[in-house]
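The following blocks contain the structures, represented as structure tokens.
In what follows, subunit A forms one complex with subunit B and a second complex with subunit C.
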Partner chain A sequence: MTSREGIVNWIFITPVMIILLGVTIFPLLFAYYMSAHDMTMVNFWHPNFVGLENYLEIITTTDFWSSLRFSLFFMVIVTTIETLLGLFMAVYFDRPLKGKRFLISFILIPLGIAPALFGIMMKLMLNEFVGIVPFILRHLGVTFHFFKDFTSSLITLIWVDVIQWTPFIFIVLYAAIQALPREPIEAAIVDGASKWQLFRYITLPMLKRTLIIVLIFRMMDALKTFDTIYVMTGGGPGISTTTLSIYIFKLALIRGDFGLAAAATILFLYLATVAISFALKRMRREGII
Partner chain B sequence: MNSLVEKLISAIITAILIIFFGFPVGFVIWTSFRDYGAILAGQFFGFHYSLTNYFNVLFNPGYAFTKGLINSIIVTIATTGLVLLVSFPAAYALARFRIGGGSLSSYIFSIRLLPPIIFAVPLLVLLYMLQLHDTLLGLTIVYLAFNIPLAVFLLRSFIMEIPIEIEEAAIVDGCSKFRVMLYVTLPLSKPGLIATSILTFIMVWAEYLFALLFTLKNAVTINVVASQFVTQHTIRYGEIAAAVTIGMLPTVVFLTLIQKYLVKGLTLGAVRGA
Partner chain C sequence: MMSEKKKINRREAIGAIAGAIGGLAAGAAIGWFAKPPEVIERPGATVTETKSVTTTAISPTTVTVPTTTTVTKTVTEAVTPKITTITVNWFPGPESDAVTPIIEWWNKYMTPKTGVKVELVLFGRAEHFEKVASLLLAKSPEPDIVWMAYTVGRVYEHLEPLDEWFANPEFYPYSLEHYVDAALDAFRVEGKLYGIPTDMNTSLLIYRKDLIPEPPKTLDEMIEVARKFTKKYNPDSPTEYGFAIQGKNIWFNSYFWIDLYVSQGGPPFSPGKEVEFVESLDTPLAIKTLEAYVNMYKEGLSPPDSIDYEYAETNAALAAGKVAMALQWNAALGELRDPKKAPLVYDKIGCGPVPGRMENGKYIPGRSEIHVHGPGMNKYSKKKEAAFKWLAFMTTFKFQMEYLRNGGFTGSNAILYNPAARKIRPEIVEMADIYRDGWAMTTHAQLVPLHDVLTRNINSALVGTKTPEEALKDAKKEMLELLKKS
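This part shows the complex of A and B:
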């Protein structure tokens, strides 16, 4: 290929490059600039240089660390539950069932709802006055306040996340199971393998590649959770369910301190970049990208 | 006997799954048709159903719901069209010329994986500076960039499935690369284009964080308005339910329509053969 041809090839990708440069790369560089200045809602044209002051303030406040801790904690819990449940469902549906296609479409519905709307929906369902769940619980003689303290809020948020995102893991794994070659499975059945052995030693190893992909996506998406938690608890009670996304959002919009928010942004960027570089390396090794 | 027990267990599991995943949606649709009085009185059963909530949500001049709905439609359609326009050539170049090696695709891929809040704070200030804050144009530009990864990777995986021999034949006949893409590959990519546009539509329609940060009054989207409902009209439960039902309708319908391409779309084409 001549170099002239190489330049022509780049023309195809130029519009995308310009947009990504302007809307993703430049803002990240700008975030560095912001983080070193005392930029606020009222003076973003002429901010003063403050060096590393913003970073110092972020890493010495407990709010940053507690939201980081909650983000990681939430990510690990929901990913674990959703993966196990999704895997169980994918295996469960790998059999003749009456009305299976319809049932699968039905289970996928939460995936098609905007997370913010889904959060509102769940909040309504758990509402003390109109919610059907407290109504049923009352009649069963159980009293449970869904947003009273950290523990109850956490259980509620995990529950909501599981309903919304298990279908994602389920459908990806289900599709992967359907596409598996049937010969090894049939051979194992002939050899008298039990259902558990079939799953543990045949299906699961063949699913490894898909599991890695789905875990990477789900973990990164869980790490950035904002919508549902923001509409349901707003990060409370107190700041106990504040994720890093909510923390930075509040620094920028409620406190109006863009410099501080930018410093927290850069710290989050480093954290996410470390995670993503592991993920990309793994995906390249598996030949995914 | 054994098969009877198995059937029973299977029926129970199916019922649990239906209730677990379907209940919230069923409940909100049901609530949206219930009368204000019946809801407040805590009457769960009886016949007090009407379309009043929908009528109020859509036509009450005090609510910004219709504005949010129209804004969402405009921004979503504009973004989807523009995303396809710029992503198709890029996907073609990635699939056929392996342009930029691995690092370019890695970067595009990481935009999908990075938390959007990382871009949100600097973008907020930049939009203020450019006076694009709270405008549909500003929101569309942002959505355009963040939906490129999905479109590029999904289209790329569709293009890679088209046999390259067809294009090679056209090149032998003297077509330029650009004309080959336009007249040979593009028509053959129709299923890919449809799947990509529908998935992009869903993603843009569902977006909340950017919409919440980058709009105030004029460019609010349906999700922003619906969440404001909860705080501003706390006890108008039926109307909140109606707003949520209208908001989820397009994406739920679309998701059901493109189920075949869902797995590919959700993992940016990383899961093959599905």
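This part shows the complex of A and C:
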């Protein structure tokens, strides 16, 4: 590489480096700084150093653990349902169907709506007096209160998340199925494989890599769910549907305690790093990366 | 041969792109340094006017001699003062709609007189206070005027105390005397004033006046009326539920319970009385009031989903004609009396104070908290004098009447008891005494977390994960810790 090329390379890299420093490295370092100080809105410019006190307070708070527990629980449930449903739909749509393109476009609509807006829309649709869903249910002789207690709120939140995010899994898997080589499938058909055997032994193994990637993306996203739940239940009843993201948001902007919020965020980051390392290891083993 | 050609092309392309970037950067730099100076609005220039006047003098000898007089007139005084443009941040929505025509009027008629031009700056409604807090924390000199709320206690260190400015006759006309005491108190932190209460809010008992001729006066009476209008207990009830509790775990929903508690004799959660209020939370009176609130929900007097209700859901329940009563913010009144927004009930909505109590055979009406919104001055503003001229104007009767006409509502007795104002907004007649008798909500720096703790615990009591006694004891413990920490 000539020195001229080196300079040109630096010209291209420098803006990206500056942006990266500004939006990633600096906030991360500042988060560490905040987590070691008793920083609030009032003493923002002159906080006191408190060492690991914020971390200790967070890990000894039951609210942190209960919100972590709920985040993990919610992540496992919605990712499982959405993956199964998305996979089923992708396989189902892999055949000539009337109005297939229209149906696919229709299914994808929730993906195009901002999660907070989607939550508000769903809340209106589920309102017991003015919502369309309770209206239809009433006509069918069913009474269901969507936010009456923890169980009903949880079912509602899962249902809303599934409606919004199943299309994501569906469209990725559907595209992957379309790209699969047809020869092994045709050979299996010639050998007399049943539909289930085709799916179980041919399609699914070939989809495995895409499935792992889509699962990891969805799990990471579900773990940090905020908008929909915040606008629908505000983390209630009590704190029963408070995710870790909502908990951190409340610490920072409701309680105004940036130090505690930063400590909780860093703990969350480490937990997520463990999960991501596991996922990357798995991806490496599968030869995806 | 081919690869060599490719290599040259790539190099050339890289060179060209790098050259283009370099050229753009150089062009931008030249443009920056060569840009024309900003046009500064200046005072009126000195004008020299030469005027020739020809006069005919009549001499006693009747000889006519034509003479010419030259008059030189020098205008040395400025025609208009130096114009200073201030940035005024307001709350987007009905509040900014109300102030926009006033700003237009000011810029047209008052700017030449005062030398202050106003530029409106709006942020998003949902993230308004976070944005303002971020700007203040960053010590930004703009906006010069920031729209504040009862959460002023969090950022008051970045705001200019207004008491000394209001004590300076140089900036007259202004007046603070006509404000409702609670409205001013709700903008005071440690005794100092940090904002002008241009928008005053409270909570009311909203009820169906076609079903309930007089609003219930006590808590027990309210529960009885709620039972009467709940289908579960009275199949002939025209409404499905007698009451709508705002039970969502969102920090400001505790206000409704606090209003009920204070109206039953509890101490107000006022500035400087935070500890007294929190200490009282495990008293029999507080527990009894929460038990009554929780029982209304458990007995089915309030819709099952009201555990997740806030402003919009409560309004929807009232507008749909499904609920007979609710404790609700005063802003709801306008919506519920709008034939377009509430066609089923718009002419059937009444309002009254929060139910009070009987004490030694004497009726003591309920009292609601008052919280305010309004402008404060950025401590880091570089145009404080100009900014204060605008703030002073906002305390005048003219501003308040215009603001009222455009949909705003100022915390001022001059408005509450003014016949012209009452003609513009008839609901003022019903609400004037409620405002006058209100108490100021605390402006403590920890106001939001304090309410958040209380709301969460009330919510837990409503869903039954805690008893009212446990909920209030837990709330007390956490709230005292927060107060101690600050």
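Here, the second predicted complex is superposed on the first by the 270 of 289 C-alpha atoms of A that agree within 3 Å, B and C clash if a C-alpha of one lies under 4 Å from a C-alpha of the other, contacts with A are read in each partner's own complex, and residues count from 1 in each chain.
The definition used in the following text is that a residue touches a chain if its C-beta (ideal position, glycine included) is under 8 Å from a C-beta of that chain, and two chains touch if they have at least 3 such contacts.
Worth saying up front: this structure is predicted, and the values here are computed from it rather than measured.
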With everything superposed onto subunit A, say whether subunit B and subunit C fit together or clash.
clash
So which one touches more of the residues on subunit A, subunit B or subunit C?
B
For A:V8, select first, second, both or neither according to whether it touches subunit B, subunit C, the two together, or no partner.
both
First (subunit B), second (subunit C), both or neither touched by A:V42:
second
Figure out whether A:V130 sits in contact with subunit B (first) or subunit C (second), or with both, or with neither.
both
For A:I254 in the superposed arrangement: first (subunit B), second (subunit C), both or neither?
second
With the two complexes superposed on chain A, say which partner A:V142 touches: subunit B (first), subunit C (second), both, or neither.
neither
Kindly classify A:V190 by the partners it touches after superposition: subunit B alone (first), subunit C alone (second), both, or neither?
neither
Given the touch rule stated above, what does A:G235 touch, subunit B (first), subunit C (second), both, or neither?
second
Have a look at where A:M34 lands relative to subunit B and subunit C in the superposition and call it first, second, both or neither.
first
Shared contact residues on subunit A - subunit B and subunit C
8, 44-45, 127, 129-130, 253
Okay, in this complex, where on subunit B does subunit A touch?
10, 13-14, 17-18, 20-25, 27-28, 31, 39-40, 42, 44, 85-87, 89-90, 92-94, 97, 99-100, 102, 104-111, 113-126, 128-129, 141-142, 144-146, 148, 152, 177-178, 181, 202, 205-209, 212-213, 223, 226-227, 229-230, 235, 237, 240-241, 244, 247-248, 251-256, 259, 262-263, 266-267, 270-271, 273-274
Contacts from subunit A onto subunit B in the complex sit at residues 8-10, 12-13, 15-16, 19-20, 22-24, 26-28, 30-31, 34, 39, 44-45, 89, 92, 97, 103-118, 120-125, 127, 129-130, 132, 135, 163, 166-168, 171-172, 175-176, 178-179, 210, 213-214, 216-217, 220, 223-224, 226-227, 230-231, 244-245, 248-249, 252-253, 258, 261-262, 265, 268-269, 272-273, 276, 279-280, 283-284, 288-289
Across the complex, what residues on subunit C touch subunit A?
11, 14-15, 18, 21-22, 130, 133, 137, 154-155, 157, 248-251, 303-305, 307-308, 313, 316-317, 320, 322, 445-446, 448-449, 452, 456, 459-460, 462-463, 465-466, 486
Where on subunit A is subunit C touching in the complex?
5, 8, 11, 40-42, 44-45, 127-130, 145-150, 153, 232-240, 250, 253-257
